[in-house]
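Please find the structures below.
Next come two complexes, and both contain chain A; in the first it sits with chain B, in the second with chain C.
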Partner chain A sequence: MGKYIIKRLLIAAVTFLGITVLVYILASLAPGSPVEMILAGTSNLTQEDVARMEAQMGLDQPVYVQYIIWLKNVLHGNLGVSYRTMRPVTEMLGERIGPTLMLTVTALILAILIAVPLGIVAAYRPYSPWDYASSVFSFIGAAMPNFFAAMILVYLFSIKLGILPASGMYDTGTGESFSMLLKHMILPVITLMLQYVGIYTRHMRSSMLEVLGDDFVRTARAKGLRERAVVFIHAFRNALIPLVTQVGLSLSALIGGAIITEQVFSWPGMGTLMVQSINYRDYPTIMGITVLIASFVLIGNIVIDLLYGVLDPRVSRK
Partner chain B sequence: MKYKKGLALVTAAILGLTLCACGGSAQDSPAADSQPQGGSTNEQVSNDSGDTETADSKESTEEKIVTIAYDQTWNSLNPYSSTGVMGDTVCNQIYDNLIAQGMSGSVYPRLAEKWEVSDDNLSITFHLNGNAKWHDGEPVTADDVVFTCKLITKGDIVTSRRQLMQNVAGTDDSGVELSTDSVEVEKIDDLTVKMNMKKPMSGSMFLKQASFFFVLPEHLLKDVTPAEFMESDFWNNPVGNGPFKYESTVPGERVVYTVNKDYYMGEIGFDKLVIRSIASANLLSSLMSGEVDLIPGSRVSFPITDVPMAEAQDNLVVESLQSPGHVWLIVDNEKFDVKTRQAFDMAINREEMVKELVGGKGTVREGMYASNNLYYDPAISQVSFSNKYDPENAKKILEENNFDFSQELLIVTVAGDSLREQTATLFQRDMANIGVTVNVQSADLSTMMQMMRDKQADFGIMKTSSDGANPLENQDFFTIGGMYNLSHVTDPTGQDLFSKIMTALTDEEIKEYASQLQLWHAEAECYYFLYSPDITVIYNNRLSNMKTEDMSMSVFDYWNWKVD
Partner chain C sequence: MAEPILEVTNLKTGFYAKQGFYNAIEDVSFSVSPGKTLGIVGESGCGKSVTCMSMLKLLPEKSARVDEGSSVKMHGQELTGKSKKEMCKIRGNEIAMIFQDSMTSLNPVMTIGRQMAEPFMVHQGLSRKQAREKALEMLKKVGIPSPEIKMKQFPHQLSGGQRQRVMIAMALSCNPDVLIADEPTTALDVTIQAQIVRLMKQLQETSGTAIILITHDMGIVAEMADEIMVMYAGNVVEKASKRDLFQNPLHPYTKGLLASIPSLNKDVDRLYTIEGVVPGLQNMPKGCRFYDRCQNAMAVCKEKNPGLCDRGGRKVRCFLYEEGKEADA
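Presenting the complex of A and B:
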């Protein structure tokens, strides 16, 4: 197991380097210069002014030189200073990661808690009214675009019923409290959750349906085990593997994927920061976000792989 | 058994959290509480159960809060590194300028209560308001003005806010000092400061730049080196001299201020100001639910399709004001000669654009300056091709000019900006009417401008929030070799006329050159000025007595506001 983890970490390190090289090159190839954004509004700005400023900021160096300098700083724990805000990137990421994880992790956990029972019930009684109801719900959830779901929820709960806030993390200018935060989380979490629930329910249903027809389930029933034990202990554990894979695929979305939901609900997370940074050509922040997402996804995938072993010991033995 | 227990625990936890959240919302929802009163008032939190809030609630039962929303975000609380409209507004609450300039060109006193220009037009003397104080209680003095001038002209500081200093003697063209202490700004006494200009210029032109000059506190920043200035800790908790004191931020989402009770312009009738960044699609719902009190005009992209619904709300007041801002087109001057450009212009149906895109709430543009601009010359109506919509004649001119109708042209617009995107589509339709094929491509603003510079596109769509009173507002687009000469203008006439305006000594002279400029451009057609969408100011009816027309300039007369 130890060897396996070390091997996976080494592969992850190489993948991480590959990702950063690729993003750095792509970002630097984008038209427009951060200097132009910094000096926007300056009268009589000339190409020479921009070139001079780029030289001051080291942006006139070849891309590989800029990348090596950046990587060296990253290895020393320094992600640089944002061109847009003139603040350390680590500080900015620190402020934004919390709100994003608060939304996405809550949505993910709730989605799993809803999708798993829904999928099991649908698979256990296929083509029953329960199954049809869960299918309709999950198709709607998976197919409805986030912004559309958000608009409907805002219209219903904020405008028509007036019971939930339409945007932000806290009420206006009234301090910050946990209950207020929870209240503001409800609509964005439901928006995000709907899609996860739809996808996970479908996976859970098909996987459970397959497992319930397997020989070992028949054997368990033949041994005279109670139906509940057959479903929830024997079948359930085996049916979880595809769901774990699906959750693994959602990991990148945990940090960067809530862009639309964050925008619509003015949620001050990583998604909005990413959009602002890209528009501003704020390379240090773009790279900082890349480092964070890449690390999270790579480590998350290692954890998911280890989870396979826990769920199915045959995977560990292999 | 283990599973059962685990599941029960998790379910209980989720239920608990949900009930807690719902329980709170039933009592203290902003919508339920604030909609009738129309805004963010203290009642919202008075029933909250959190510890922090209990303390807050007692204090906030007497608080009046006003919330302003923009659909953009700010980047810094340092006025010399802030960019964009929301950046301006966020900083404007903390710091005052020497003067403020309204939409009509009126100049309002701020830190400078009066000023005079020398007879030779070579210097201007500002008299500071003796009641102005920093938020820590120290008086604002001439030393602060001199300190700010010397600080921001240091070459180590990268800023786009040196407009004022570009005209002050002792600086280079970009406003950087020529040598140590070369900047000619002089303290006369504690409340009087004199600035010498590089060359004679009219006081009004000089003052237009002074509305972008934020005075900084010498006593708090004197030990910060220019190299440290931008990243100084001071900007995490800035101390200013404006109408509001900085209180807190939720990064990227809001800035909260408390009122400056010693504000020298007058007492302000509410306690807190919150400036929020909200997606444009959510602005209406935030206004309707009472989470936002004010959408302040042209610099916020309030969806035009939402205006009728806003007008139908009992708690909202909608004001439409004629805007000097405009939607306009970049056109490659090197690729298309004057005749071709004139023909293209004759094919653009501006009336239809105003009707279809802004529901008739806007005006067709005849040229560089809107008809409500201080420097607009009515004579342009006679010569402008913008008034001569005639697709048949346009096609004929193109044929006579041997235009290659088989080529496919490209217009690039800004992704996510629906007004620009729709304008591009209508332009495409107008061009198709005369047999010219135009493809539309979307990109972000930086990419669009770079594509125009690199001649990868033939047309580009721009949108400008003009201040209506600055004859130099389009200057950079005509500067030969300049970064913003996006149409690749080669005719130096425009650049020369702008220079003359800059150095004119009287308002009459300025108007004369501005008139020549408009008439020249009506023929030259370096850019196509299409239409001016109206400014829409929307506010909750608990606010009144506001000077809404200046809000698009980030100028707010808070001390006159009445807040219920």
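Presenting the complex of A and C:
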């Protein structure tokens, strides 16, 4: 097991290096010099000023030298300085990562908690009213675009009913309390969750349906186990395995933030920062976010693989 | 012969399909006595497994229905009307079952020990620790090497023969009166088959369990069964003691089955086969179900399905043996 983890970590390290190379190349290929971006609006700019600025920022060096310097900084936890705010990128990401995770992790956990029982019920009584209800609900959830769901929710709960805030994390000027934060989280979390619930319910239903037809379920029944034990002890763990894959695929969205949802609800998270940085061609920030998301996905995949081993003994011993 | 422990009369089970309701087995009656083995043979799809699944009420309620006229009596107690809860007390306790493919019949994500302990916990109310000790005992009984280690392993880490031993141990853990073995050796190598058959016989001798052996392997029935019931397309076509059946098969289908066994002594180019296939549930013929494939088919066979008639202590379903027809046989 230990050997397996070390192997996985080594592969992840190589992949990480590859990602940094790609990110850097793409950023340096992008048109427009950052210097022009920063100095835009300054009058009486001479060619010498630009050259001096470039030398100051290390931009006169060959690309591979720039890359090595940048990588060294990244590995030391220094993602550079934002062209837009002139603040360290790490500091900006640090501010945003909390709100994003708050939103996405809550949505993901709630989605799993709702989808798993919904899928089991649907699979246990296929083609029953319960099954149809859960199918309709999950299809709507999976098919509805985030921004549309968000707009409907805002229209209903913020405008018509006026019971929930439509944007931000806190009301301005009233201080920051936990209950207020919760209230602000409700709509974006529901928006994000709807999609996950839809997809996970379908997955849970189909894998449960498949497992319930398996031979070992029949064996469990022939042993005299009660139906509840058959479903929740014998079938459940087997049915969870495909769901873990699906959740694993959602991990990148977890840290990248829900770009659209965050925009709609003006949530100060990674997604909003990403959009702002792209608009401003703030390359250090864009690169920082990309590298962060990539590392998160890498770690997430390792965690999912290990989780597989826990759930399915056939995987871990190979 | 001792009092039968399990008596099945007129068992009739059907399935709901898109176009309607179709009977899969009809008029199936048999009984088993302690320490004896009944072999049920027939091709795939002839209703062997449905018979046993109906007895234990293991068929899905939504798609299958056991007819009201059917009777399954265990110790004189009727099982057909029992509730789900009551059936749970019987399954694995009084009637246990072994399945064909031990790889898929064991839960891949649970240890052998955990799965083996379940019957003891469910039926005897033992604690997990006590149940595991009992399970270990059972594993030793069925001759699994290093049982302590195997208890902690998962099904995929065992060989096919070992897994089937585990299945047998699990089925026998609560000393069932009846053991249903649904093709217990089909998925195994020939040498392992012999070991498993020997093990089952040996355990039967010590426990006196009645065994219902479902198989399409005539060799296995020849070795294990005391009585043999031949099924075809949901009907019992012949029932006789092993000796009678092998020495003097009556029904054309039984004759065909026995003729299909390759012989070591004769050198033939082509093996004998019974032409055709078993009719499907949705196009069961009105007359004898074997009519299309029968070499002795007569005009009457097309019109009417013969009843099961008595012939010197054995039963056969064929017009060749009905009153007044015996001379033609």
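Points to keep in mind about this one:
By definition in this document, the second predicted complex is superposed on the first by the 303 of 318 C-alpha atoms of A that agree within 3 Å, B and C clash if a C-alpha of one lies under 4 Å from a C-alpha of the other, contacts with A are read in each partner's own complex, and residues count from 1 in each chain.
Note that in this section a contact is a pair of C-beta atoms (placed from the backbone, for glycine too) under 8 Å apart; a residue touches a chain by one contact, two chains touch by 3 or more.
Every value quoted in this text rests on a predicted model; they were computed, and no experiment measured them.
Applying the stated clash criterion after superposition on chain A shows that chain B and chain C can sit side by side. For the three-chain arrangement built by superposition, the Cα-centre angle with chain A at its corner and chain B and chain C at its ends equals 160°, in steps of 10. More residues of chain A lie in contact with B than with the other chain of the pair chain B and chain C.
Once the two complexes are overlaid on the shared chain, A:A222 sits against chain C while remaining clear of chain B.
Contacts of A:L311 after superposition on the shared chain: chain C is touched, whereas chain B is not. By the touch criterion defined above, A:V154 lies against chain B but remains apart from chain C after alignment on the C-alpha atoms of chain A. Of all Cα pairs linking chain B with chain C in the superposition, the shortest spans 14 Å. No residue of chain A touches both chain B in one complex and chain C in the other. Interface residues of chain B facing chain A in the complex, by the touch rule stated above, are 3, 10-11, 14, 17, 20-26, 28-32, 35, 40, 42, 44-45, 48-53, 55-57, 60, 63, 65, 67, 73, 75-76, 78, 81, 83-84, 158, 160-163, 166, 173-174, 230-231, 235, 250-254, 256, 272, 274, 276-279, 281-282, 285-286, 288-289, 291, 443-447, 449-451, 454, 472, 475-476, 479, 481-484.
Those residues of chain C that touch chain A in the complex are listed here as 56, 58, 84-85, 88-93, 96-97, 99, 101, 104-110, 118-119, 122-123, 154, 156-157, 167, 170. Residues 30-33, 36-47, 49-50, 53, 56, 81, 84-87, 92, 95-96, 110, 113, 147, 151, 154-155, 158-159, 161-180, 182-183, 185-186, 232-233, 263-268, 272-273, 276, 278-281 of chain A are the ones that touch chain B when the two sit in their complex.
Residue ranges on chain A touching chain C, taken from their complex, read 214-216, 218-227, 229, 234, 237-238, 311-314, 317.
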